[in-house]
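The next block holds one structure in the form of structure tokens; read it before the comments.
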Amino acid sequence: MFEARLLKANLLKKILESISTLVETANFDCSPSGISLQAMDASHVTLINLILRNDGFESYNCDRSLSLGLSLVSLAKILKCAGNDDVLTLKARDEADTVTFVFESPKNDRISDFEIKLLEIKNEQYGIRDSDHTAVIKMPSAELQRICRDLSIIGEIVTISADKQGVKFSVSGDSGSGNITVRPTSDGDAELATSVDVKEPIVLNFALKFLTHFTKATPLSPSVKISMSDGVPVVVEYKIEDLGYLSFFLAPKLSDE
Amino acid sequence: MFEARLLKANLLKKILESISTLVETANFDCSPSGISLQAMDASHVTLINLILRNDGFESYNCDRSLSLGLSLVSLAKILKCAGNDDVLTLKARDEADTVTFVFESPKNDRISDFEIKLLEIKNEQYGIRDSDHTAVIKMPSAELQRICRDLSIIGEIVTISADKQGVKFSVSGDSGSGNITVRPTSDGDAELATSVDVKEPIVLNFALKFLTHFTKATPLSPSVKISMSDGVPVVVEYKIEDLGYLSFFLAPKLSDE
Amino acid sequence: MFEARLLKANLLKKILESISTLVETANFDCSPSGISLQAMDASHVTLINLILRNDGFESYNCDRSLSLGLSLVSLAKILKCAGNDDVLTLKARDEADTVTFVFESPKNDRISDFEIKLLEIKNEQYGIRDSDHTAVIKMPSAELQRICRDLSIIGEIVTISADKQGVKFSVSGDSGSGNITVRPTSDGDAELATSVDVKEPIVLNFALKFLTHFTKATPLSPSVKISMSDGVPVVVEYKIEDLGYLSFFLAPKLSDE
């Protein structure tokens, strides 16, 4: 028997809106320590890694680990039915072929319950190493979203260059070329601060299309962390309040591609 | 000679936005007691019944009854030209082949007048019996709109079950199934209260598509009344301030359809 | 060497949004006295005339006149990347084949620079005579925008009639016909006042499609000036703060067209 109660149904709604355009089906792996999800997009270019810790839930009961294979498209539809302030309870019986989502409105005058059929999805675990990155950029998530949206009007590949002075996003296309440089901030709201922590200058190229996809997670967090090293995928990570985080991995493009 | 002056042109605008996607042409039947309109949608599944009483108008003159056959599509276009606070005067001469809509802005610095050609439309009267319903539900109109919109993502047929505990809207589809239960409220704003008045429990099925259409009338009223009895059409009624009401009739679907 | 610094990058953004759907490419003619642009739409029905005076810029350096031929579509894309409060610096070297746009955010924590390739565009000068018009109407730009949008639902040709009582916009189409009359205001905010200055009554017909295009310049100014004379193009002019103005010319349609 698995049962988890989340005070903010809204958080799961935002998570699904972030990933359901990249991945159609995925396993929610529920264990005593929490829920995790790993999935690659259809083109096998990006990897999604979601961690929701048990202590971020209002209550969390998981006797033994189980894998809930779900159509993220169906789940996103059902989460659309959740009110912004609803409380969500997630229930699955052992050996069951469905999972139940119960939404309660704050005043308790509306209760909704939805049942989704479970799917058999091959469980792939992608070994994610916690590497020591050459450059770690922390910046307002809305700023990254805006930069990706703006630059994707001009071209398809973005070059991200980071050094102690800041981080530069460059793109070039038929209509011209452009650079947006973001500088570290010293003062102000720590959540919205920009910091650039580099061991040595680094320059990497990425498909702007996928970065733009990742920024759909912007509503989850005011801040985003971008970790880059030569030859390994960039990690774009959004913290999910006290619950965990959602991170995206994208391999750099070789510059002569 | 027919002439009626309505302080809130906006109300007629909202009425047309509620019905012009269901019905293309209709007769506005003007009599000394007020204006009424009855029309069925093209598929003859739903009936619209509109009543605007003479005493809800600022002034109302109708010597003898006349039927103004109008393209609701054309009328909706013209009402789009009305400002939100405009005063509307509706004018038709006896035996005329046009009707005139005059809009005056509150400060009287803009006057618009529009003339629409009248159409010959066969006048059908649908005998509407004021029956004594098994269940009468009063709930916030925005809540009904939201439920219809949310559930229509999941399936096409909604089952409405009412008993003393509340009213349950259920739907099932390929992505799963769901129920939204609304409970009667005791406290709070009477206009936004939910009440469920049932003689005996009742369960009926309806095409969600049409219910969703009806909820386009939501801007007309904060509250909606749903009246159900076995074997007769459900009535979904929106009160139009002091002017009258707009109601929609929809026959239930047999459960084995 | 040409370099101009504009405190409100936003103004150029709004200008481009006003004209880039009418004209695809145009020369920005930079001279010591300022920047001007003249262009006709593809169908050669309307003429755009833009004047930006040197003293409206924060700094303005232009040794000798040069013509910057630009794709307005590309430029509009790049201006989409400007923040609402960004400062813009426009730079072009003599004999260069590109022009550079630099945007600085107010806090100076984000700097963007874009380079656009210059195009060879045949420079046509359209002699614009500053004629003495029969009727000059000043009205809120949002009101003109609304009238054009509303009436274009009904028909394609608008008849504008001006006399001392006010200005009347008339249209007729399959769904009916309509008139919107705007009267001069005496009191209130001078910027939003309506005034009608007529030497003698005048009636002219215009293609509503183009007038509607012109009203895309509404965000530039709260007020618009319409100058009409028999047999010459109407001038629809939007003042651009202390910088200059954007005007559109449209030849009247003969009434028997």
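A, B and C label the chains in the order they appear, each numbered from 1.
Everything that follows uses one rule, which is that contacts are C-beta pairs under 8 Å (C-beta built on N, C-alpha and C of every residue); 3 or more make two chains touch, one makes a residue touch a chain.
Chains and their UniProt names: A, B, C = DNA sliding clamp PCNA.
Everything numeric in this text was worked out from a predicted model, so none of it was measured.
Chemist: Quick check: superposing chain A onto chain C on C-alpha atoms, how many degrees is the rotation, to the nearest 5?
Modeler: To bring chain A onto chain C, one rotates by 120 degrees.
Chemist: Report same or different for the chain A and chain B interface, where same means the shared residue numbers exceed half of all residue numbers found there.
Modeler: different
Chemist: Centroid of chain A to centroid of chain B, CA atoms only: how many Å?
Modeler: Here the centre of chain B sits 43 Å away from the centre of chain A.
Chemist: So which bits of chain B are touching at least two other chains?
Modeler: none
Chemist: Which residues of chain A touch chain C in their complex?
Modeler: The touching residues are 143, 150-151, 153-154, 174-183, 185, 194.
Chemist: Within their complex, state which residues of chain A touch chain B.
Modeler: Interface residues on chain A, with respect to chain B: 71, 73-74, 77-78, 80-81, 98, 107-117.
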